[in-house]
Structure formats: C-alpha cells, structure tokens
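The following pair of complexes shares a single chain, chain A, combined with chain B in the former and chain C in the latter.
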Partner chain A sequence: MSILDIKNLNLAFKTLTGQVDVLHGIDLNIAAGEKVALVGESGSGKSVTARVVLGLLQETRSARINGSVVFDGQDINAMPARKRAALRGTKMSMIFQDPTSSLNPMFTVGNQFTEVLRRRDHKLSKMASHDRATKLLEEVAIPDPARVLGSYAFQLSGGMNQRVMIAMALANRPKLLLADEPGTALDVSVQAQTVSLMRDLVEENGTSVLFISHNLGVVREFADRVYVIYRGRIVEDGPTAALFANPLHAYTRALMSAVPRITGAGLPEVPEVSDDFLAARVSHTEAS
Partner chain B sequence: MIRTLRILAGNPLSLLGLLLVCLITLAAILAPWIAPFPTHNGAVVDFLNNNRPPSAQNWMGTDLVGRDIFSRILFAYQISLTLGVVVLAIATPIGTIIGLLAGYLGGWTEMILMRIVDVFLSIPPLVLAIAMMGVLEPTLTNAMLAVTAMWWPWYARLVYSIARGEREEGYVLAAEVIGAGATHIAFREILPNCLPAIITKMTLDMGFVIIIASSLSFLGLGVQPPTADLGSMVAEGARYLPDSWWLTIFPGLAILIAVFGFNLLGDGLRDVLGEDE
Partner chain C sequence: MSAVLRLLLHRLGISLIVLIGVSMLIFSIARIIPGDPARIALGPNATVEQITKLRGEMNLDAPLPVQYGFFLADISRGDLGTSLYTNRPVTQDIAQFLPATLELVFLAGAIMVAVGLPLGILAARYRGRWPDHFVRVLALLTVSAPGFVWAVILMLLFAFYLPLFPIAGRLSDIYEIERTTGFLTIDTLLAGNFAAFKDAVHHLILPAVALSLSGIGQAARLTRANMVETYDKPYIEMAQAYGFHPSRIARSYAFKPSLIPSLTIIGLDFAVMLGNAFLVEAVFAWPGLSRYGVAVILRKDLNAIMGTVLVIAVTFLIVNIIVDLLIAFLNPRIRYSTRGTS
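On to the complex of A and B.
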C-alpha cells in the first residue's frame, strides 16, 4: 500500500506579469516504509513538491495547483485547510537544511519538544514530556539529554541540533517524513553521521521518507528508490542500485558526472541547458 | 534577569541611569512621606514666604504663592511617571499586535494596517496631541489619551519590521510544518523574538513621554493647577526669569534628570539585549 501517491501534479505561480509554471505533471509514489529520494539541481522543483505534500502551498494565494496528492488514502489538495494543518506534525513531519535556524532562539530545546509532543497529546504534563523527550534524545545517540533539553539552539553544535530536529520530527511517530536537504548546512562528516542515524531510526519505526537532495553520494546510501527531477519534470526513476549502475537519461548522467572527485580532476563541466535533458522520462522497472 | 543587571552594572553610564531611575521612582512613590511640605501639592497659599530663593528651609526656594518647590517636584514626578507608565502600557500592546499581524500575515492585512499607521506617523506628534487636547478637556486622563494616540504607531512600525524579518526564519517554517496556526506563530514564536527590542524602546520612550507630557502642560494643555506638574511649573516661572530663576531651573532640571536617566538605562539595556537600533 502506498503512503503517498502523487499523480500528474502541476504547479504554477501567478505573478504580476503572468503565470510561471513550476511543476509539469509530477508522478511520484512512496510505499509504506519506503525511503524515496528526489534528486535535482536548485530550482528544479524539489522543495516546492515537498511543500505541496505538506499542504503549505495550498494556502498561498498565488499558487495554482492541479493533480492529486493522495496521502494515507486522502487527497491533500481536496482537504479543508484545517484538516491539512491537523496532519502536519502528527502524521507527517519535516526536517530542514539548517537545523540551528529551525529552532526558535528564544526557547529551550525542552520547551519546544513539549510543544511538539503536545501536538498529539494536548494534556501531556511537563514531567511526562520531559521523560519522553529524554528517551527520544537517547534514541538519536545524544549522550546527555538533560543538558540538551535545558539548552538553547545557539548553545549547541549544528550536529547536535540536527539530532534534536530528527528526534522532534519522529517524536509523534509520523507515517511520512519529508527531509529537505537535511544537514546541507553542516559539514560532510556530521551530515553522514546524522543521515545514517536517521536511516536507522526510520527503518526501526517503519516511517516512509521523501528525501530531497542534490547530494548523490548521500542519496545512494540512504534511498531505496530515486526520482530524478529536472525543470519540474521527473526525467528518470528506479531502484537506487539500478539507477546508479545504469543511468539512462542524459540529465541523470550529467548530474552524476557533475560530482567533483576527491582525487581532483578539476571541476567537471556541465552544460547549462541541453536538448537531451528534455528527453522523455525513463523508468527502471526492476533491478537491471 | 540577574545576568542583565550584572552587565548593566558593569557599564558606569548604564549604572548611573539605573540609579537615577530608581531614585526618581522612589521619590515619586514616597513623596507624601519624604516631602518637607506634603500639603504643598495642592492649593496652599503662604504669602509670607512667597517667591523666596533657595534656603535651608526651602531647598529649592518657594513659588509665587509660597509653596515649597522641592516638595512640588516630588509630587510632580508622580504625575510624570504615572503618565509614562499608563501611556506605554496602552500604546505598546496596541502597536505590538498591529505590527505583528501586519508583519506575519502580510498581503492585504499588511497593506491596510500599515497605511493606517503611516497616516498617524505623518502627523507631527505634538500637533496631533495639541489638536486632541484642544477638542477634549485638559485633564490628566485626556493628556494620557492624546499621548497614547501619537505613540502606538511607533511600536507598530518597530514590531512590524522585526516580524517581517523573523517571518523568513527557519523556525517559523518549522512551526508551520508541525501544524501551528497563525495566532500561535505570531504570538508564541515571533513575539518573543521582538521582546528585547520592545523592552529597550519602552525604557527609552519613558523619557520621551515625560518630555511630551511636560510640553503639553507647559502649553497649559495637561494637568491643571493647583496640581504640581513639571511642565506647568516651568511655564509659571518662565515669566520671572532671570530674577526668580529657581522657579524654572529646578523643575527644568527635574525633567532633564528623568529623561537622562531613562535614556542611559535604555542605552544600557540595548547593549545587554543585543539590540542595535
């Protein structure tokens, strides 16, 4: 059974000068417990897709949305705003690029944890929430949960904040986790640690993940399946191993060759626009 | 709180401001007990001792009807501080709520609210207050009303500009993502981040409200005699300068000290709370 099923999603923004089309018929499917990556360059439409799934763009007046986004059996586009808001933070949650700025600087981590936990259980006492938060922080391998709960975001390191964000995002055991370039603002080794931690946790909880990234290395380690997006269109999709072993679409190949090698062969050259990139979508059916 | 005080105390100027503010506040509260002539706040006449220069008995001299100026200044501080506190207690919440809503919600709400604010800001403050007092009866309550009417737009402006910036911060998006409503985000997420600036501005504004209120009563539009008020005391004595200098100099100095104290304290708070204009 699929937890998220996006069919023919079109998105445009109305501006003073006319309409800007952003997504041109996205199809994307995530099964229960599956980890799916959405890969593409900046401006390709990755993040807006996540915002549509969260139901945030539906409330933006200039956005024109067509197509169906079925989450857990219900079409998010057809829902009233109140119902969409009720899903956020309980059945779906999100992790962002910069963990430190995602925490309010005026409140302690513990304080914000309580608010997240009260999304599900409104009458949760301070003590109970503290205990629960301590357990959740232990899950993300934070050695001294009591200290972290009493700290402000700016007193903790980026990696620590990222762990806190992961713990918060998974606190209410959501069915779907959206990760928008998690940890891009962190350094590479910390990013690797936190991503593998996140992978272990979502596997344990059976959470589905939509992992948005431009970092192919991380995607390869993390995702079961990969969608490649270019200029608002899915150009290639398939199981991670098959897609990486045999990229068929011209854009996917360009994306892979664009990763700078640590051995130092200079920055690779990628054409800005190429007609080949606009070629039809390729789908890998099974591991080939 | 304790940390804030400690840093304040580390800066001699801020410490001076804090001391002046404490001194004035104490003087105002304790006026009925510490004033040498507690009855001189009202309509008392003592022509035997009128218009005397400073002496051991009357430290700041006596006024035209023989009342002790030092005593009257202590009572006048009561009026000034009450007015400042009441005006800010009304103007700040109004301005803050309007600024928050405009800054966070944007769109038409922002357009309408901020244009109203602009209309108020475009009228010179003292002129607006004088116009209001011209229509209304000159009493303490109406003076508060007039000063409040000219004061809240500045808070709306300040909070609006901060809220506009904070709206783009990650934690606001993060709160939206966990399903928080607009009211929660505006008041529980963004407002706390505006508080340092609001508190600093309130401290600085205490001084300015005192000046404006004194200006109004100097023009005869504020508190009416015989109640002691710094502005009207200066006005009464101004005709007798320079011969009876104590009539104006001491009330004038009293205004200066109050404004100076609140400004120094406000500047100190700004440093401590990390606010730069």
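On to the complex of A and C.
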C-alpha cells in the first residue's frame, strides 16, 4: 500500500507579471517504508512539491494547485486546512536544509522539543517531555542530551543541530518524512554522517521518506527509488540501482555526467539545455 | 549573568558621559540667552547695587568654567539651586511637578505597548489582507499628527462635544488627597479613597491616549515590518511544517525574535513622549513639569531651567538603560554571550 500517491499534480503561481507554471502534471508514488529520492536542478520544482505534500502551499494565496495528493488514504488537496494542519508534525514531518537557522533563536532546543511532542500528546508535562526528548536525542547519538536540551541552536554546532532536527522530525513517529536537501548547509562529511544516521532511523521505524537532493552521490547511498525532475516534469524514475546503471533520459544522463564535478554539497552543473531534455518520461521497471 | 552586568556598567559609563555633555550644553545655552538673570529676578525696580550683589551671590561674574565648576559641585550634592520663580529649591519644585508628568508618560507608554504591539502582530499575521490594511491606515493616521494636535482633537470630541471625560486637570476639586508619592493613582489608593482613584484615572485617560497615539502607530508599523522580515526565516517555515497554529506562530515564533529590534525604537518613542508631554500638558492644563518648564524659561530662571532639562535627560537615560537591559534579558544571544559554543 502506498503512503503517498501524487497524481497529475499541477502548480502555478499568480504573480504581478502573470501566471507562472511550476509543476506540469507530477506523478509520484511512495510505498510504506520506502525511501524515495527526488532529484533535479535548482528551480525544477522539488521544494514546492514537498510543500504541497505538507499542505503548506495550499495556504498560499498566490498558488494554484490541481491534481490529487493522496496521503495515507486521504487527498490532501481536498481536505480542509484544519485537517491538513493536523497531519503536519504528527503523521508527516520535514527536515530542512539549514538546521541551525531552522531552529528558533529565542527558544531552547528543549522548549522546541516540548512543542513538537505536544503536537501528538497535547497534555504532555514538561518532565515527561524532557525524558522523551532525552531518549530521542540518544537515538541520534547525542552524547549529552541534557546539555543540548538546555541550549539554544546558536550554541550548538551545525552537525549537532542536524541531529536535533532528525530527532524532532521522527519524534512523533510520522509515516512520512520529507527531507529537503537535509544538511546541504553543513560540511560534506557531517552531511554524510547525518544522512546515514537518518537512514538507519527511518529503516528502524519503517518511515517512508521523500528525499530531495542535488547530490547524486548521497541519493545513491540513501534511496530505494529515484525520480528525476526537470522543469516541473518527472522525466525518469526507477529503482536506484537500475536508474544509475542505465540512465535512459537525456536529462538524467546529463545530470549524471555532471556528477564528477560535484563537490560535496555543490549543484550538478548541467552545461547545456538540450531539446532532448523535454522528451517523454521514462520509467524503469523492477527488472531493468 | 555577567554579560548583562558588563552591559549595564558599559551603559552607565556612557550615560555619565552623556550627562556631562548635557550639563555643559544646558549650562552654556543658559548663559548665552540674552538678558540678565539677576535683573529679571529682582524685577524692574531693582537698584544697580542690588543687582550687583545678586550677581555676586549667583557667581554670574566669575569666568564661565568656574561657574560650570560651581554648577557641577552643586549638582553632585543634589543641589540644583534655588528657583528665582518659586523661591524654593529647584529639587523641591521638580519633586512636586515631575510625578504628574511621569504618571502621564508611563500610562501613555503602557498604552502604546499594549495597543501598538498587538496591532503590529495582527497586521503581520494577516499580511496583505484587510486587518493589515486597517492597521496600516490607522498607523499612518496616528503618526500623521503630533500628540498635542490629538490632544486638542480628543478634548474637543470627548470632553467638549461629548462630555465623557473631564476637560482639564488631574483630580476633581472635591477630593483632598495627602501627597505621598506625587502619583495620584498611587496616593489615592494609599489613602484608601477608591472614588478619588477612579477620578484620577478618569482625568488621565484623554491626555494619555492623546500622547500615546503616534507612538501606537509607530510601534504597530515597526512590529509589523520586523515581523514580516522574520516570517521569511527558515524557523518560521519549520514551525509551519510542524503544524503549529498560525496565531501561535505569530505571537510566539515570529513576534519574539522581532521584538528585539523594535524595543530600541519603542524606548526612544517613550523618551520622545516626555518631550511631547509638554504640549499635551499645556492643552489639558496638566500640572506637570511642562508648566513649570515653560514658566521658568520665560522668566530666564537659570537654575530651574537647568534642573528641568537635567531631570528630563536623566529620565531619558534611565529609560534607555532599562530598554537595553530588557533587550539583553530577552535576547539569549546576549544573555549567553560569555558561554562558549559546543
């Protein structure tokens, strides 16, 4: 059974200069416990896809959304805003690019943890929340949880904050984790460490993941399946091994030939825009 | 807390320097204004001998630096000299008139914060929608006229045409309240006279609202602007991604970080009110420092002028120190600036 099923998702923004079409009929599917990556160049529509799934763009007045986004059996687009908000932080959660600036500078980590835990358990006491947060921080291999809980994000290292973000995102045992270029702001080895930590934890919990990344190396390590997005269209998808072994779409090939030039967190530079990039979508079957 | 302590000492040091500057300034200005203070003090019928004698007593014939030295020595003893106008020590005059002004300014400041900040939060939370437009128009309207204009308008509307509030003064004649602090709202309560307390508050409302209006507009606009900026921060998106209620995000996650840059300006607004209070007091015949200030300026009552300006400068500095400490206390980055990072 799939946890997320996006069908023919179209997205446009109304701007002062007219309408900008951003997504042109995205189809994307994530099975329970599956780790799926969405890769593509900057501006291709990765983040907006995640924000539609989270139900955040539905709240943006300039956004025009069409198509169905079925999460856990219910269409996110068709439900009232309240119900969408109720899913966020409980059944789905998100990890952002820069952990340090994603934590509020006015509240301690412990404070923010309590808020997150109370999303599921409204009456959770401070004490109980502290205990629970301590356990969760131990899960992400933070050696002294008490100190981290009492600290502000700016007092901790980026890697430490990233671990905090992962622990928070998984705190309420969501069914779906959206990770939008997690830790790209960190240095390469720290990013790799935290991604593998995240992989272990989601595998343990059976959490489905939509993993957004520029970094094909990390994607290859992390994902079961990959979707390649180009200018708001999925151009190729398939199991990670098959897709990397035999990229069929011209854009995917260009993306992969750019890999050697990627330095850690850098963007793949796809040098030319070619007409082939607009060719029809290719899907690998399990066999290929 | 040592970071905060360091900050406090630093600010006190700066304040001292500012105070010395202010004292030099008012000292020089007071001596430069044409007219002989001794002659003015003694009136038109004074003889030359009398004037010469008084000039001697007032050290008016000594060189300016020497006069300034006398002046400083007196101040440091808490002696601001005698007012030629009231014939009493200036400190005593100020002690009598300052509480009325402070009572007005404190209430106006409280109204500014209590109304201005929530309006700003509301505007930012509903950015681009009607509450935002409403607040922006309101802010523009209130900022567009100074306090004394509002005083006249409010007085005409709510004391004259629609007599909801008293037209002038601090307290109705029927009440006789023993003076303890000089703050009537406190003294009436100390006296256990609740009717008089209500009467005093009743008298306070119109002038305080008039005084606070432009501050409300300022505070609302500032809060909105800072919050709109904060709304673009990743931690707001994160709060939204966790499904926190939009009102909660506004009040807590977006407002608190935005308050810090607003506070400095709000502190300044508060100090500006002290200046605006002079004209508002004039409109409402409020027996505060303004009346005294205007009277002593017209009479070229040097000691009293210097005393008044000095007291206002000190109040200004105290407000600034309080604001700085508040910022340090609210901002964890300052509070913990001595601690290392992990």
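Following the convention adopted for this analysis, the second predicted complex is superposed on the first by the 274 of 288 C-alpha atoms of A that agree within 3 Å, B and C clash if a C-alpha of one lies under 4 Å from a C-alpha of the other, contacts with A are read in each partner's own complex, and residues count from 1 in each chain.
The definition used in the following text is that a contact is a pair of C-beta atoms (placed from the backbone, for glycine too) under 8 Å apart; a residue touches a chain by one contact, two chains touch by 3 or more.
Small disclaimer: the values here were computed from a predicted structure and weren't measured.
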Chain C versus chain B on the shared chain A, clash or fit after superposition | clash
According to the contact criterion defined above, which of chain B and chain C contacts more residues of chain A?
-> C
After lining up the shared chain so the two structures overlap, which partner does A:105 touch, if you call chain B first and chain C second: first, second, both or neither?
-> both
What is the contact status of A:2 with respect to chain B (first) and chain C (second): first, second, both, or neither?
-> neither
Using the touch definition from the top, say if A:85 reaches chain B (first), chain C (second), both or neither.
-> both
Partner chain in contact with A:154 - chain B first, chain C second, else both or neither | second
In the superposed arrangement, does A:74 touch chain B (first), chain C (second), both or neither?
-> neither
Identified clashing stretch of chain C versus chain B [5-13, 23-31 or 185-193] | 5-13
Chain A residues contacting chain B in one complex and chain C in the other 54, 56, 61, 85-90, 93-94, 96, 98, 101-106, 115-116, 119
Which of the residues in chain B come into contact with chain A in the complex?
-> 107, 169-171, 173-181, 189, 192-193, 195
Can you check the complex and tell me which residues of chain C touch chain A?
-> 128, 233-235, 237-245, 253, 256-257, 330-333, 336, 339, 341-342
Chain B touches which residues of chain A in the complex?
-> 54, 56, 61, 85-90, 93-94, 96, 98, 100-107, 115-116, 119
In their shared complex, chain C is touched by residues of chain A numbered 54, 56, 59, 61, 85-90, 93-94, 96-98, 101-106, 108, 115-116, 119, 147-148, 151-152, 154-157, 160
